[in-house]
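Listed below are the structures to be examined.
Shared between the two complexes below is subunit A, which pairs with subunit B and subunit C, respectively.
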Partner chain A sequence: METLLKILEELRPDVDFQENKALIDSGELDSFDIVSLVGELSEAFEIEIGAEDIIPENFNSVEAMMALVTKLQED
Partner chain B sequence: MIKELSDGQALWQEIVKRISGGQRTNLFLSEEEVLALVEKRRVSRMDFSGGVYFFAQEEDYIRLYYFLEKKILPEVLPVLPEPIILEEVALASKERMPSEEDWKRAGLQPYLQRKRLYLMAKTILPLKRAIKFATVDQLTEIFSTMQDNFEPYTSALPTEEELRKEILAKRVLVSLRGKELLGFLHFGENKQGSMLWHIAVMPQARGMGVAEGLTKDWFFAQKEGTKKFLLWVRTDNPPALRLYEKLGFLPDGRIAPVMIKTTKQRG
Partner chain C sequence: MAFTSVQFVVFLFLCATVYFLTPKRYRWVTLFIANYIFYFFAGPRYLIYLLATTITIYCGARQLGKMSSKNKADFAAVKLSLDKEEKKAWKANFTKKKRAVLIPTLLFNLGILSVLKYSGFVGSNLNALFARFSLDITMPAPSFLLPLGISFYTFQSLAYLIDVYREKFEPERNLAKFALFISFFPQIVQGPIGRFSDLAEQLYRPNGFSYERVKFGVQLILWGVFKKLVIADRAKVIVDTIFAYPETFGGTYVAVGALVYCVQLYGDFSGGIDIATGAAQVLGIQLEKNFERPYLATSIPDFWRRWHITLGAWFRDYVFYPLSLSKFFMKVGRKGRKLFGNYIGKLLPVLIPQFIVFFLIGIWHGAEWKYIAFGFYNGTLIVLGILFDQPLKKLIEKCQIRTECFSWHLFQVLRTLVLIALGKIITRAPGVGASVYMTQSMVRNWDGDILCNGGLLKLGLDTQDLWVLLLSSLVLLTISLLQESGIHIREALAKQNLLFRWIIYLAAIFSLILFGVYGLNYNASDFIYRGF
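Let's turn to the complex of A and B:
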């Protein structure tokens, strides 16, 4: 979780990630953030994020992102 | 070999696949934007080992999008009839990949750079201002000032018809002395907040605080409906950087370097 928060805070210092649970739906994260995140998460957690994983539900909150990472690490 | 594209949906599928494969890119468009791009612009592609270039034909230049596998360097760009423009978005804190040197070897030269600044609306002190929106009779003057004063390739300049709509929608503020136009500010709204698109001060009115006044007018016009004010500023414009800093804007870490391959041959 700490690594994920560090990545997010570096990417978007202006966003409150603990508070916002609709990061995609509210438009807080844009496509630059998503593309950057896919690259960063793949590298940091040694996972492969498939095209089918790049959906709003997986990126709307820190918890959802962590769940995606955990799921892909188990696969 | 350069091939023309016609299937937007196939391109979108390819883009998603390349992104999920961790390829580096400057293409951050949504599905709708990709479909519109293929429909409205002539888009062609050049494939090479470990990557691909997409060339989108704009009015008088060619916009370059790329995808590159990790550790693959950009291929040398082909000679095209119009300037090639590469606009990237990156984080100031991270090393740019590919680097400026890598792109120079591919045929591009640095052109300009912008950085993004933001200001949270809740941090702005209450202010009351008598603001003025542009009217349609100012359209021609504002439009020609935009054409003459903004960098032509990446300033997202509206067409005259689009500007007319923006004026009617009350998204263009003006500063006046009597009937004389001293400056204007064009803003827009997106999901993240209120975005300053264009601001200009007439030469005879510079140094009179017109830009500061217009920026405060923008706050006043949008403060209730937005949580964040955003803008991109050129890093070679110290007066603008000083003004935004004075008003409390902070960098959010995002930079947008632009590079160009002109059509002129070196001789």
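Let's turn to the complex of A and C:
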């Protein structure tokens, strides 16, 4: 979780990732942020995130992102 | 059957009446039949294309669904005995098998669209190229009439197929129900492009009659007709005059033409979408939002998030993400970091696919060089916006410009509007050369006097019509500003007293009767996006 938070805070220091649970739905993160984030997550956690994983439910909160990372690590 | 025709009103009334009188279990069948009657009116020979897409996508999706179910069972049986590498290989092998179904189905349907839409353009350009090099080769350059809504229903069905491939949901088993999803009459003409996960269940369930919902639907239809007949078709007269004679109407007229074309296009397209959304609402179906006051956008990316939202979302989900996240572009990003540093390297997998998306959005609008130029123009603006985002922020900070105030917001909106209007010159002018000529003329021969000395009366509208256009556009702007500030107009109106409500309703109806551009010798012009 710490690694994920560090990546997110470097990507968008202006966003409160701990509080915001609708990062995509509220428009806080846009498609450019998502592509950069996916690149960082893929490298940091050695996972492959595909276009099929890019749905709001997977990126709306830090917890959802962590769940996606864990799921892909287990696969 | 145009949305603004009496036939459409009669058709919708009959369809809604029969729908609500049909036993609940068969209501979706009524909708299905209504869709095909509607499509039949557009031209019986076009049904073959709709049927070809419906059947191939249905079969492809069913096949993918069966493969996924079998794979899940097979994988569950051996999962524990496989190590990480073996699991990866299993997944890769299965993806390969699925792609063997997905890709031919995609190509077949994109092929129909491409042949009908682009073969004339490609053929004539190749012939010009061969002639230039004195080659004695002639390619056929056929010109096809496009089947109604082909771009829209093809995109809607491709999204469905890809979602089944991605295992987002199980494919629909009933062919007639699937055909209903692809052909829903209010949206087949010009969108919004629906997603199976949002739309299908609404179409299949038996929607009951609701006075409130029907009332809201009819209000939205009237508002759409107002935008189309009072605003767009009136603005069209000015736009057609200026762009038909660029040599006569240069200078300030070009700016007037570009601005009025912005109004026309928005009134036309969003008006059509309002009629579609209202018609669907009468039947108990909520279509996806396609516009969110685009001319109040503060930047070009913001504009594209507000204009033709469902098309933008389609390209984002099915072109931009798959490209950006592909192994190729991930590699491009890594190499870019080594060559150009971290900042540019990170941006490359975003910028190049973004450019490709705008190129595709450009040619989606039509098989002409001007649409490719339009895509290039927007792609360039977006890419420049991203590249200069950080330096501009620093500059603004250094110059101590206040950004949390109305004046800055207004500046951003006007700046975006100017850039959008310039882009509109590209698509509306007869060709790329003409748009360059007109833009140059606007800058070189600016003459603000034509706005006050009766110069506007040379554009085909008399004083009264100009006032109607101006005032009705102001009504549109006021409504947009109210909506932007969070006010729901129809809900707010419903809370008012009966007398006030009816004054508004009657004013709206009479304004349509009095100011709508129609008459015995006038046919309401076709919706612009119907041609795409």
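What we mean here is this: the second predicted complex is superposed on the first by the 75 of 75 C-alpha atoms of A that agree within 3 Å, B and C clash if a C-alpha of one lies under 4 Å from a C-alpha of the other, contacts with A are read in each partner's own complex, and residues count from 1 in each chain.
Quick note on the criterion: a residue touches a chain if its C-beta (ideal position, glycine included) is under 8 Å from a C-beta of that chain, and two chains touch if they have at least 3 such contacts.
Since the structure is predicted, the reported quantities are computational estimates derived from the model, not experimental observations.
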| item | value |
| --- | --- |
| Partner chain(s) touched by A:75 [first = subunit B, second = subunit C, both, neither] | second |
| Contacts of A:49 with subunit B and subunit C, given as first, second, both or neither | both |
| First (subunit B), second (subunit C), both or neither touched by A:38 | both |
| Touched partner set for A:12, first subunit B, second subunit C, both or neither | first |
| Partner chain(s) touched by A:26 [first = subunit B, second = subunit C, both, neither] | first |
| Comparing the two partners subunit B and subunit C, which touches a greater set of residues in subunit A | B |
| Doubly contacted subunit A residues - partners subunit C and subunit B | 27, 30-32, 35-36, 38-39, 42, 49-51, 54 |
| Residues on subunit C engaged by subunit A in the complex (per definition of touch) | 87, 91, 166-168, 301, 305, 316-318, 320-322, 324-325, 330, 333, 346, 349-350, 386 |
| Subunit B contact footprint on subunit A (complex, rising order) | 10-14, 26-28, 30-32, 35-36, 38-39, 42-43, 48-51, 53-54 |
| Subunit A residues within the subunit C interface of the complex | 27, 30-32, 34-36, 38-39, 42, 49-52, 54-55, 75 |
| Interfacial residue positions of subunit B with respect to subunit A in the complex | 13, 16-17, 19-20, 22, 24-25, 28-30, 89, 91, 93, 118, 120, 190-192, 228, 250, 252-254 |
